[in-house]
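I have placed the structure first, in the form of structure tokens, so that the comments after it can refer back to it.
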Amino acid sequence: MTQPRPPVSQLSQSLRQRKRSAPPQWGDLAAALGLPALAVAAALLVGALVLLMLGANPLEAYAALIGGALGTSAGLIQSAVKATPLLLVALGIIIAFRANVINIGAEGQIIAGALAATWFALAFRAWPGPALVPATLLAGFAAGAAWGFVPGLLKARLGVNEILSTVMMNAIALQLMNLLLGGPMIDPAEVAAGTFIAQSERLPQHAWLPRLVPQTLLHAGAILAIVLAVGVYFFLWRTSAGYRLRAVGQSPEAARYAGIPVPAYQMLSLTLAGGFAGLAGVVEVLGVHHRLLEGITSGYGFSGIVAALFGKLHPLGAIPASFLFGSLLVGADKMQRAVQVPSALVGTLLGLVVLFVVGSDYVARRQAARRAAARAAEEGERG
Amino acid sequence: MAELFTLPVLLGIAFSGIRLATPYLYAALGETFAQRSGVLNLGVDGIMLMGAFSAFFVALNTGSLWLGLAAAAVVGLLMGLLMALVSITFKAEQGISGIGLYMFGLGLSSLLFRTTVGTVKTISGFQPVKLPLLGDLPILGDIFFRHSLLVYGAFLAVPLAWFILERTTWGLKIRAVGQQPAAADSLGVNVTAVRYACTGLGGVLAGIAGASLSIALTNLFQENLTSGQGFIAVALVYFGGWRPLGVLGGALLFSFVNAFQLWMQVLVPEMEADIAVMLPYLLTIAALAVAVNRTRQPAALAKPFERGEA
Amino acid sequence: MPTLTTASSPAPGLTPAPASAIARRVAIQRVAMRGIVKRFPGVLANAGVDFDVNAGEVHALLGENGAGKSTLMRQLYGLYPPDAGEILIDGQPHTFHSPADAIRAGIGMIHQHFMLVPTLTVAENVALGLRSSREPQMDLKVVAARLNTLAEAYGLKVDPGAYIWQLAVGEQQRVEILKALYRGASLIILDEPTAVLTPQEVDGLFATLRRMAGEGHALIFISHKLHEVLAISQRVTVLRDGHVVGERAAGSVGRQELAQLMVGREVKALPAQAVQTGGVRLALEGVRAQGDRGTEGLRGVSLAIHAGEVLGLAGVSGNGQRELAECLAGLRRVSAGRVLLGGRDVTHASPRERLLAGQAYIPEERMRDGAIKNFSVLENLFLHDHAAPNYARWGVLNTNAMRARAAALVQRFNVKTPGLETPLKNLSGGNIQKLILARELSRQPRVLIAAQPTRGVDIGATEYIHQQLLAQRAAGTAILLISEDLDEILALSDRIAVIYEGAIMAVLPRGQATPAALGLLMAGVHGHEAG
Amino acid sequence: GGATATTSPSGPFRVAVVMPSATTDMAYSQSMFQAMKAVQAEMGGESALEFAWSEGMFNVPDAAAAMRDYATQGYDLVIAHGSQYGASVQEVAPDFPDTSFAWGTNVDTFGMPNVFAYTAAAEEGGYVNGVMAAMLTQSKIIGITGPVEVGDAKTYIDGFRNGVAATDPSITINATWTGSFSDVALMTEAANTHIAAGADILTGSSQSVVGSIGAAKDKGGVLWFGTQADQATLAPELVVASQVYDWVGVVKDMIAKHQAGTLGGEVFTLRLSNDGLKIAYGTGYSLPADVRSAAEAAIAGIKDGSIKPLP
């Protein structure tokens, strides 16, 4: 436990190899880091063909993609803005995954968090910022957690599979938002103007998350997310609760014999997952939109799952992974503008990237195994 | 409320419910095969979208609905095999590769639509076919036996799927591979082949599910036509306890409640529409919660098979 | 090294011929493995192994855990390709790409971990992968019929319609053998087939094996139990660290010599020193509980175990041992009766409460219930105590303290492992068992429940584990030893209880407990009935 | 930090549009996209008017990034074609004082000198459609379908209800909302439900047109009234009339204002009176003369203010 080893993590595995047998196995490291990059490249190559078919110049397009995301400070900042909710969602996904629970419900949990945050910040707008902002964050976390707790409870007590319940809870959350934005929470100004746009009243300035870079959307939520990532890492590998949660995920049977209440920890994992997704909703409201509006989730509930995978389901890995995935989204938009291709191309590319990367992970694992075998053989001969 | 339970209303509900259930049935039955063999495919929605587009595109340009259906099946197969390649051969984390497939299908179907069709067009899809005799039954005839062939197909697929899974040697292999791949492998059953076949079949059915939307039920294609129905379909597989009959029950429950809530909006105006719309989702969860649910999922579900382990 | 094979020149094209024909001939070589080399990450599992079997003989394969027995056999069955060496079937070199090839060549394998699909019926398990007479439909009736005739012929009674999960271990093994016979296997590999069987079942199995050998089947028999090996086989080959260290004729070799070949040192018998027992530590009063197969698994079990004694629980598998163990672990609801732990009523206590009350537990399914295979050795050592004051404060783990303790335990219970961070799955079963033992015993339990503590474990490790159990007894722990291995029961127990169909037949002091007497009780025959 | 826009009087006028949905959505985004094409053609093509677009920007931060990006590239007019973009416009506009920003549909310019706002009085066309519908229905039952009752979907419906009531109070209007913008299958069943409930006329927000028309086709004898774009193409024989948003006028006004040095501060509203809203009568459906004249009367009344489309 002093050296956490997510089973999935090729990276940390290769690191462990190094710990055991000097000289360091740089090959494994390279494989762990290089292959995903290679996979992305391969996916973009396929994308290049699509671009050609669309009559766009792939070079120009990808120049725009990379430049737009990483070439300018605006791009970098924009990537960080997107990375923030991605990271928060990913953290929740990771916790659930570690307990062997698949959480497809992040979309609904984001909405729950955003709804609660908006309601709370407006209801208690009289409070001073230093009190209002943290309280709102908590409210949103609680709402998201509740949205994850329900499937958790259903799974623990009634054996209702979480994939089914989380999918349904997503739809319910969406309708709940429609309901509230259609009347109870709609911006009075919209009613007055007779435009009836489905968005809440704008939050008072003192309820906003402070800006990190003035005149950009980069807000304190980014720092919060990174701190929480470290916290989740600590929780999973340095606390007894985290240990039990992972034990439940690895072997429910053994966990039961060890006196660990398995259902309780499955429930906990989904509740925490919901809470983190809820936080993603909060920071989007307090940091970016400053109000609740349709499409608040921007699909982060799904892309967060991908970010979690890119981070090898490790909380710390999820930090760079979320940023990379965020910049991919930003760069893709820039590309769309630069060569004026349909935005659907962006989704297509992302899908390809995901498929190639998940695929490459296995190749990496196998290469490492082969190297290990080779080493073993030598030792075997010697021994 | 009372007027909700008059005969014409109930007939209307049944009629709409049966239509709504069709795509769910195809997709969920396909996913049942995949999951029974141990593959969790969350990308069903993406496959449905590709199927829906291909069917629409081919039908639009050739004028042949059957060619369109065939195209949907073939494209669905390819998408299914792509999923198989990533999850079986490359042993990817299935919960995630499925999401990737979904993104890919959603993006590509929209992209192709934009570049080849451009704007929303309608076609005349599969027309209702009155079944001889049955179609003339007083009331039942109108509800049950005046649908398009794709609707009948979905309901015929249920007993067929049951027969294959429970009564044939293929089904035996599928069940064994999903439950205890090592055992099947030790008897010379090709685990990989069985899983590829089931994931491929799941793709074909998902493709047809999409086609049933675009060339039988709505007769058009637009971006994200399925609006997440593929995910509901996956949920219904769990609801049905991996049994075709259970899936049928789930699909009918969900669809009938959906049809019911539409009528409720019409007949009970004071009822908030947004609440009515929640009903199918709420009731599906509730139904599963109260039903004593003993069925266990296939033991090897979402677990890649590695010879010589454990 | 000496070989008994007279006709090493093969009779070409001789696949399963009429039994009589083969039975009379001497030693026709069915299979020969030459210079087999197999590597795994970090392990040279087979280092140039030569091995052969003749028609009509039982050839035993001996060796400690991790010696390379299963690996060798898995290659013969086409599960892994050898890195080097060749396999000759009836003199013809074969390369197997999958079990399908091996099956076609008339090879069958009874795996150490049964290869059955619990959710399918016996007939379905047998039919799996075979062509049906009415493809694509199944022909289970036909299968069942053939199955019954086979069962008759070899005395392997099973109900073709029963689901595997409903069967006792012994019955499941019969299904495994029937699967091989049904496919017309003429060479059958049995990897630790007796590890899970009771004396009666072993006798039954041996009768079957002799019959099969008599008909000219070639049999490979793997076991850690020397007396069984000597009883059933004609030839014995011993593996150590992937090398053949000897081949002997079963007639001309003793246990001691074999043991020495395997372990590489003298293996001494157990010192059975008397310990005086204290008060009752664990008491069961008329405990009843549901069984897995709907029927009542425990029908009023009453037992009392004293400090410093080993109470052995003997019985044929599936007579309530597992239910009893689970009730004591707090994983199965007790429907009636009481369980007292050190006088305290724990009938409905959670597993955790029992742990804290000083109860330790060695589960039967060690890989499933006793350890987590993707957790490190260190993590596995702390399944119970990760939250104990010394190792966690305010829920935060004290990893240094944990390392220290883990290192000490690995050392003291000499668990062979590359390091504390090694995933448990890379350890041999024997070492995994030692690790579990280390975890449970190091907690100075007041009560220890040990279920099949040495199943599938080699004699070296067995010897060690037995010593540890006795040491614990000497330290005053009350031990409930649940075992289907009579030798083990007799070797360790102060008193022996026999369980039959969920009820205790009798409790005998070690003095009065003869294998014969126990055998009758295990079969449900009361002492007086026997006369 | 904001870059200073570089408008070269010689070169073409440069406009960028950021849209939430696809340029082919048969509705909101498409209406603006086509208007831009029209304006471009009128002004003399690429050389006179350069026009870039970003569609599918349902994610507001992406939209904000796009606006900032276009402004940085020196576009003269950046149109944020989505009411959810308000906050972003507020953020970006101050950094680019030489660039005009337009935000719709809404009526708030935030009091900024370089922000225009534009909206559509959808209730006007709704009222006119309502008048015609009330005269054409035989069953005296009308069905309304749509995803969610908000925005101009709501204002259109309010106007429609009012128009019907003003013409024939005895008519029943049933409404269903499916809660999803893309679930056409459900919208189709919603239409089926209305028809089964006796409706012989359907209308509703643009997203529901395709489903409704599909159902109407199957049944026959059921008519449709459209809004936002001319929907006759989908089923000429069934579409009685559509209220069409025509942004051409607004866009041209804003361009003119910009070139004249007024970078913002004004609100434009599409109305029947300024020809921003038009009633396009179905091409394949022969409208009875009396209904037609009643519609024209309603249009005139709304134009001169004698008729209030909303109660």
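Just so it is clear, A, B, C and D label the chains in written order, and each chain counts residues from 1 on its own.
Here is the rule we go by: a residue touches a chain if its C-beta (ideal position, glycine included) is under 8 Å from a C-beta of that chain, and two chains touch if they have at least 3 such contacts.
Just so you know, these numbers come straight off a predicted model, no measurement behind them.
*Asks:* Return the chain pair with more inter-chain C-beta contacts, choosing between B-C and A-B.
*Replies:* When A-B is set beside B-C, the one with more contacts is A-B.
*Asks:* Report, in whole Å, the distance between the mean C-alpha point of chain B and the mean C-alpha point of chain C.
*Replies:* Roughly 45 Å separates the two chain centres.
*Asks:* Quick one: chain A and chain B, Cα centre-to-centre, how many Å?
*Replies:* Taking the mean C-alpha position of each chain, the two centres sit 28 Å apart.
*Asks:* With chain centres taken as the means of their Cα atoms, state the distance from chain A to chain D in Å.
*Replies:* 36
*Asks:* Calculate how many whole Å lie between the centre of chain C and the centre of chain D, each centre taken as the average of the chain's C-alpha atoms.
*Replies:* The answer is 76 Å.
*Asks:* Chain D: which residues touch two or more other chains?
*Replies:* Counting only residues that touch two or more other chains, chain D contributes 22, 148-149, 179.
*Asks:* Give the residues of chain A that touch two or more other chains, as numbers and ranges in rising order.
*Replies:* Answer for chain A, listing residues that touch two or more other chains: 175, 178, 182, 342, 344.
*Asks:* Can you list the residues of chain B that touch 2 or more other chains?
*Replies:* Residues 110, 114, 223, 274, 277 of chain B touch two or more partner chains.
*Asks:* Each pair of chains that touch: what are they?
*Replies:* A-B, A-C, A-D, B-C, B-D
*Asks:* Residues of chain B touching chain C in their complex?
*Replies:* Against chain C, the touching part of chain B is residues 167-173, 175-176, 179-180, 182-190, 299, 307-308, 310.
*Asks:* With touch defined as at the start, can you tell me which chain C residues reach chain B in the complex?
*Replies:* Contacts found on chain C: 74, 77, 79-80, 98-101, 103, 109, 111, 113, 115-120, 124-125, 127-132, 135-138, 179, 367, 373, 425.
*Asks:* Under the touch definition given earlier, write down the residues of chain A that touch chain C in their complex.
*Replies:* 1-3, 5, 7, 16, 19-20, 238-241, 243-244, 246-247, 250-251, 253-261, 369, 372-373, 376-377, 379-380, 383
*Asks:* Under the definition above, what is the set of chain D residues touching chain A in their complex?
*Replies:* Contacts found on chain D: 1-2, 20, 22, 52-62, 64-66, 68-70, 72, 83-84, 87, 91, 95, 105-108, 119, 123, 148-152, 154-155, 179, 310.
*Asks:* Show me the residue ranges of chain A that touch chain D in the complex, using the header's touch definition.
*Replies:* 68, 74, 78, 81-82, 174-175, 178, 181-182, 186, 189, 193-199, 202, 215, 217, 288-291, 293-295, 298-299, 329-330, 333-334, 336-337, 340, 342-344
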